[in-house]
Amino acid sequence: MNFTTPAVIAFLVVLLLAPAVAGVATRTKSLLTGRKGAPTLQLYFDLWKLVQRGAVFSETTTWIFRFAPVLVVATILLAATVVPLDGRLSLIKFSGDAVAFAYALGLGRFFLVLAALDTGSSFEGMGASREVTFASLVEVGLFLSFGTLVVVTHEISLSGMLGAPFALHWTANAAALVMIGACLFALLLAECARVPVDDPATHLELTMVHEVMVLDHSGPDLALILYGSALKLAVLGAMIISVLIPRANLSPAASIAVLMLGLIVVGIGVGIVESIMARLRLPKVPLYLAGASSLALFSLILVLWNPA
Amino acid sequence: MLELFLVVVPLAAGALAYALRKARARSALLLTVAMLHTVAVGVLWVHKGSALGGWLMADDLGLLVLSLVSVLFLVVAFYAVGYVRYERPRGGRAFVSCLLVFLSATSLVALSQHLALLWVGMESTTLAIAPLIYSRDDRRSLEAVWKYLVISSVGIALALLAVFLLATAQPVAGASRALLLPDLISGASHLDQWWLRASFVFALAGFGTKMGLAPLHTWKPDTYGEAPSLVGGLMAGALTSCAFLGLARFAQVALAAGLQDFVRPLLIAAGLFSLLVAAAFIIGQADVKRMLAYSSVEHMGLLVLGLGLGGAGAYGSVLHVINNGLVKVMLFLAVGNLVLATGTSVVADMRGMLRTRPVSAWLLVAGLFAVTGSPPFGPFVSEFSIITGAVREHHPWVAGATVLMLTIIFVGIARMILGIVYGEPSTSDDEVSSVAERPSLIIGPLILASMVLLLGLYIPPPLRGAIGRAAASLGGAAP
Amino acid sequence: MILFLSGLAIILISAVAVLVIRDEVIRDRFFATFVVAGSALASIPAFRILGGAASEITRWHSGMPGGDWVIGIDPLSAVFLLAVLVVGAANAVYGVAYMRVGSDARLSRQASATYAALVTVLALVVTAQSVVLFLCAWELMAISSFLLVMTNHQETQVRRAGFIYIVATHTGTLLLFVMFAIWSNGAADWSFASLAANRPALMWGGGPLFLLALAGFGMKAGFVPLHFWLPPAHAASPSHVSAVMSGILIKMGIYGMLRVVMLAGPPPAWWGWTVLALGALSAVLGVLWALAQHDIKRLLAYHSVENIGIIMIGMGLGTLGTAYGHPMLAILGYGAAVLHTVNHALFKALLFMSAGAVYRMTGTRNIEEMGGLARRMPVTFAAFLIGSVAIIGVPPLNGFVSEWLVYQGLFRAGYSSDAARIALLAAPVLALAGGLALACFAKAAGVMFLGNPRSDKPLAAREVGAAMLVPQLALAAACVAIGLLPMLVVGPFLFIGATIAGEQRSQALEAWSYVSPAAQNVALFAVVLLLVAAAIWAGRRFVLNRRSVRGDATWGCGYGATTPRMQYTASSFAAPLLAVFEPLTGVQEHRGATVFHSTGRDLVLDRIVSPLWARIQRSALRLRPIQDGRLHFYLLYVVASVVICLAYLVIAP
Amino acid sequence: MTHSTLQLLLLLIVLTDFAVLGSSRLSACIRWIALQGAVLGILPLVTEGGLTIHVVALAIGTIFVKAFVLPGFLRWAIREAAIRREVEPLVGYMGSMLLGAAALGAAFAVTSTMPESARGSLVVPVALVTVMIGMVILITRAKAVIQVVGYMMLENGIYIFGLTLARRVPFLVEAGVLLDVFVGVFIMGIVVFHINREFDSISASKLTELRES
């Protein structure tokens, strides 16, 4: 464990700012579509309100249903501990923590999907089915990206890949890294249930992916899930920032400032995509994800072709 | 003189059996002679001698075959006592009588050092077994025995030609005695090459017919399918081994004369072709006894193949004679019990025998693995030796082809035997299922099964020595 | 060695005892006790050797053609031996209880005896150090497991499965015959040590040897496309047998390959590439096919194919490491492969046991007919869940540790400067397999245990007895322990990896010094994860304690009259994923006005093996007319043979 | 003198071969094969080496078995089983003769490939042609009885070979060979007898129940 001050601060920043990032996205979208829209900090209010509420549980459900939201947040938190949010060093760093990052998210997803099936609702089953379908394709792109970074940096920890003297590699592998950034952003949209994969604003259950899976959660559980989603967006966003903007040479303060600005930019980016694109038809989503993965594949082949 | 005893006593007993009126007395005679024979063979392991001026002598190869025949005959005789009581084969007195004559003839083949005498014994086995095949008074039985007689007789006639050709190959002048194996081998360099080659070619065709090498095997499925199971067992286990011994004698001479390059390709080709034909006809076979016949073709192919490969292959061949003999008789006896139970050998009508005849069914399962050369059964060691031989003697493709054929054959045999053993019995007949298995009908195959298993794990040193020396006389060595 | 052999003897005594003892209760107790005791005894030397003691080897003179019998325990043997004994003992306890329930009781004697024999020969397979003994143990393993598969032979499906199994395994054995024959050519004798010394004499650089070993052992390991026997056999056997087959038996194929690689010395690179490619193929196709299954045991069986694929990725990596001269890569690859082998043995046996408990209680293996079992069988559900989390390879359980180690190797390969870096491409494949496995086990666990009962079969289900639960919990505990304490486990496996790769102990130490801190952090990660989850759970409880909490029907999105039949089925759950990989899945969909249902077929069995066999059979039948019963033709064949012989006589040199 | 006698006898054997091949009646075939047996019996007497007891005994035995006992036995079987008297060839008589001629050619052709030392006399080609024509009869004749005749001819052909070696092969063996042939034909005859009782005619071509369907 590396409790360096910048790392801890960055971690807390992400934890606290996460709901705002989602808010920025929504705000951007409403501005671009000429609506007034909800406040940027709406999610904070929602979370606070939900925590205050009681809960209703389906009588079909078991402990899985109650435990899943807890685990979702826990896994995303743990995933965040291995990402060098401050641009240098993560809270926990070890060789192969990139794998732990992806697989921890997998654990959370597994329980969330089980919770959906726990209700016995056909809609939630449908959402769960779509979730696992897209997630398994996301993994490919994610690991192709990791692979590229490994080849470029000769490091297997996220801190090594994204932190440290990363600028060195930009000169040689700029094209590959840009492609990785694009790929990761495309994956972020899918993973965080955003247009063009999913529309968080839709009201038709049959077209939902993530939302329909959590229909039955209420009260504090729903708050956990909503917070978890926002946190995931922020963490993935922070990862993309680290790929695109190497901060090893910056001072810790500047680095954290970049992180905060970057998160807002990510939120705006998501909002822009949501404004200018329509949601894809469900059968097209795998193609979209394959396209994103092939970006990473190209970059991987590129760097394998010319080893450092 | 023990050698002469082994030939003459069963013959005399055969004649005596024909005279005995009481079935019980005949059974007693059969068992007594069988046991005496085995004991005498046992003595032969310790005290080797010779009779008829060296014409009868148990060398290692002959002794192995003789012991095999003797043990198999003892088991079959024991089984026959129960069988005769249960199933009354046609011809009553002749049945026991022919069995005894068969023992005499096979002993003669195994002991003969004189190749013409060997031929006489070989022909006698054919004739002694023919009435045994014709045990039911019906058309199928007749057809089987007729085909057997004609094809075997033609084949054995070719073997006679081979004997004469070999005699011609011997120089007229000189000290070597005509057609006597030790003299032929020691004087091999003086043999006329051309006649020797011709002789070997005809010996392959002649003894090959008796062994049932493809495409000379055509009598086999018909005969094994129609003959009583114990006769089928004797033919597949003992008779074919004797026929192989005949071929091996000629091979000994040819190899001693340095004809390796002539002999070996021929044997390998014959072996592989037999494997191929056996594989093709085992697949989808509908009758279990006919399947065993093709399995016998397969194993004859393996024997010849191993002989042709030399080295570890020839060693495996010699060992396989014993293993194959034991397994075949065991399988035939086990199948015989099931045939007795169901009244048919058509697989479609034999189902779920594990329920109605558990011991025989288990024996059949054991036999399945034994006959296909699975460890730890005896045939594994020999088949493995043969495959090793193929590799070591620089015939990797032969090894590959052999394994391919063995695989196909395994599929065919397994499919059939599993179909017989497992599943629900096809007849819901309580009568069938309530009959306890007769000890006299299962002890024999059980003993054989344990011997087969034992030979896969441990070969007693004397036997090992004899096998090694016999293999050496055929150009073989332990792998 | 004495301990080992007497342990095996005790296990064998139990086999005899079940055939003799009449009283059912005493018989079962005796059996379970003796198998466990024997396993414990036999495992002592294995532990000693894993702890660093010197390898043991004993030689008996046999005089058989094929040489002496040699039994030895080296680190590779020891680790497989432990897997055999642990899973074997657990399943013995589970198995007697399993066989006692329902209609199988009368078969239990024979099954128990055969089971004990199977465990014994499995132990022999991994300790045999000479060819003939190895082959004997190998085939006895096949035969005894075949007999166990055939336990319920009244069912046509079972007979078919048994038949396919025995054919596949015997084919593999025959290939091994040829392999050992090639290898022994020129060796001093048939002991493994002599084979190792004989490496330079191998023809064509050992290429044929490698391919034969790959096919022969692969037939048992069941990688694609040699897996075709595996799903039917696993579905057909009693569950404790499925557990042993999937947990240990197929691993003997892995053991064999590792042993060959170890004995054959430094391999050429193409061996590694072949193994790696086959592993990647198996990993993806195995899980994809699993996704299409609704028979829980077939589903688990296909997952074994996937996991064999993962193991082979590790193996391939190890081989590449040796071939390209990267000791670290070799150690990581082999170590990960062996560790994943052990892990898979634990969690797959666990999953089969849980599935078996469910099968016993519901009488069906079709998950579409289950549902709602989590309430009725809570402990079994917990066990199945632990198994699921372990098999999808996520933290904090053991599956993650080994997959993480494989990724370590793959990523490390990525920054080597030679061709070995191409191996990195296996990482995304492995990730895809992981994602698909997650989907598959979400489907299995969700549809089996959660929601409402989907038919009336689960209604009467209740929790199984302690004899069937304790073994599950024991294996689950092992999964958790390895997941939480990787730093204690990984080290020995790296040393085993070094043994296989033929590297020096110093290299293993170097690898360990590299992996050790990371392993500690993996443990930290897992523990923190659990602590954080516990903390959030406590917070949630704290918050909810003050609020109103009530139960109600599941939200039907405005539709009031939902029934259990409207639940998402396993078929529908898997449909979108299978649609993505359409031509590879072999799935057949049946759509009706009110039903959607899919069946997964085995592409290799149904499209390749069966048609191939049908073709062989047809060609064989075409030969039938040559034996049409006419004696004249038979005589003509005799003449033809003589003519051919004479022709040879004339033309032969 | 002995040499030319030998040639003559051998020629006679070839003639009997063709006579059996061309005969359309069973009784004729049996007559010819009996004649062949008799000639065969005389053969050892005229080979080089003079008359020894061994040779004489062999000649008597051969003539007794091959010229009298076996043909007589076959006649008995035909009579008792009421076998129809036609040969019923599968290949016509002309065709059979042509095959015979081809066999003759082949026999001499094979002989000519032999090493010089082995060719010697007419013995080898005559033995070969007899064997071959025996085979031709076995293959081309439908009736079981005539197949027995074919077998006897085949055996005779080989016997010719053996007889030229009579002095090398001990008497015991010769006697054994003769006995075996005798018993063989005897059993065949009995089977033929049974076949005829079971089936309407002893056409071996109808024995096709046992086959791979």
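For the reader, a short list of remarks on this structure follows.
Letters A, B, C and D name the chains as they come in the text, with residue numbers starting at 1 for each one.
By our rule, a residue touches a chain if its C-beta (ideal position, glycine included) is under 8 Å from a C-beta of that chain, and two chains touch if they have at least 3 such contacts.
Quick caveat, the model's predicted, so the values are computed rather than measured.
Interface comparison, B-D versus A-C: the higher number of contacting C-beta pairs is recorded for A-C.
Distance from each chain's C-alpha mean to the overall C-alpha mean is smallest for C.
Ranking all chains by how far their C-alpha centres lie from the centre of chain C, first place goes to D.
Each chain gets a centre from the mean of its Cα atoms; for chain B and chain D, those two points are 30 Å apart.
Mean C-alpha position of chain A lies 35 Å from that of chain C. Distance between chain centres (mean CA atoms), chain C to chain D: 68 Å. If you average the Cα atoms of chain A and of chain B, the two centres end up 76 Å apart.
Of all residues in chain B, those touching 2 or more other chains are 146-147, 150, 154, 158, 221-222, 281, listed in ascending order. Residues of chain C found to touch two or more other chains are 624, 627, 629, 631, 635, 638, 646. A list of each chain pair in contact follows: A-C, B-C, B-D, C-D.
Residues 624-625, 627-632, 635-636, 638-639, 646, 650 of chain C are the ones that touch chain D when the two sit in their complex. Contact residues on chain D toward chain B in their complex (touch as defined above): 114-115, 117-118, 131, 135, 138, 144, 147, 151, 154-155, 158, 161-162, 165, 168-170, 172-173, 176-177, 179-181, 183-184, 187-188, 191-192, 194-195, 198-199, 204, 207-210, 212-213.
Chain C makes touch with chain A in their complex at residues 371-372, 374-375, 388-389, 392-395, 400, 403-405, 407-408, 411-412, 414-415, 417, 421-422, 424-425, 427-428, 430-432, 434-436, 438-439, 441-443, 445-447, 450-452, 514-515, 517-518, 520-522, 524-525, 528-529, 532-533, 536-537, 540, 543-544, 547-557, 562, 564, 566-568, 572-577, 579-580.
Chain A meets chain C in the complex at residues 1, 51-62, 64, 66-67, 69-71, 73-75, 77-78, 81-82, 92-100, 102-104, 106-107, 109-110, 113-114, 116-126, 128-130, 132-133, 135-144, 146-147, 150-151, 154, 156, 205, 215-216, 219-221, 224, 282-283, 286, 293, 297, 300, 304, 307-308. Chain C contributes residues 62-66, 132, 135-136, 138-140, 142-143, 147, 150, 153-154, 156, 159, 162-163, 166-167, 170-171, 173-175, 177-178, 180-182, 184-185, 190, 203, 208, 613, 616-617, 619-621, 623-624, 626-627, 629, 631, 634-635, 637-638, 640-642, 645-646, 648-649, 652-653 to its touches with chain B in the complex.
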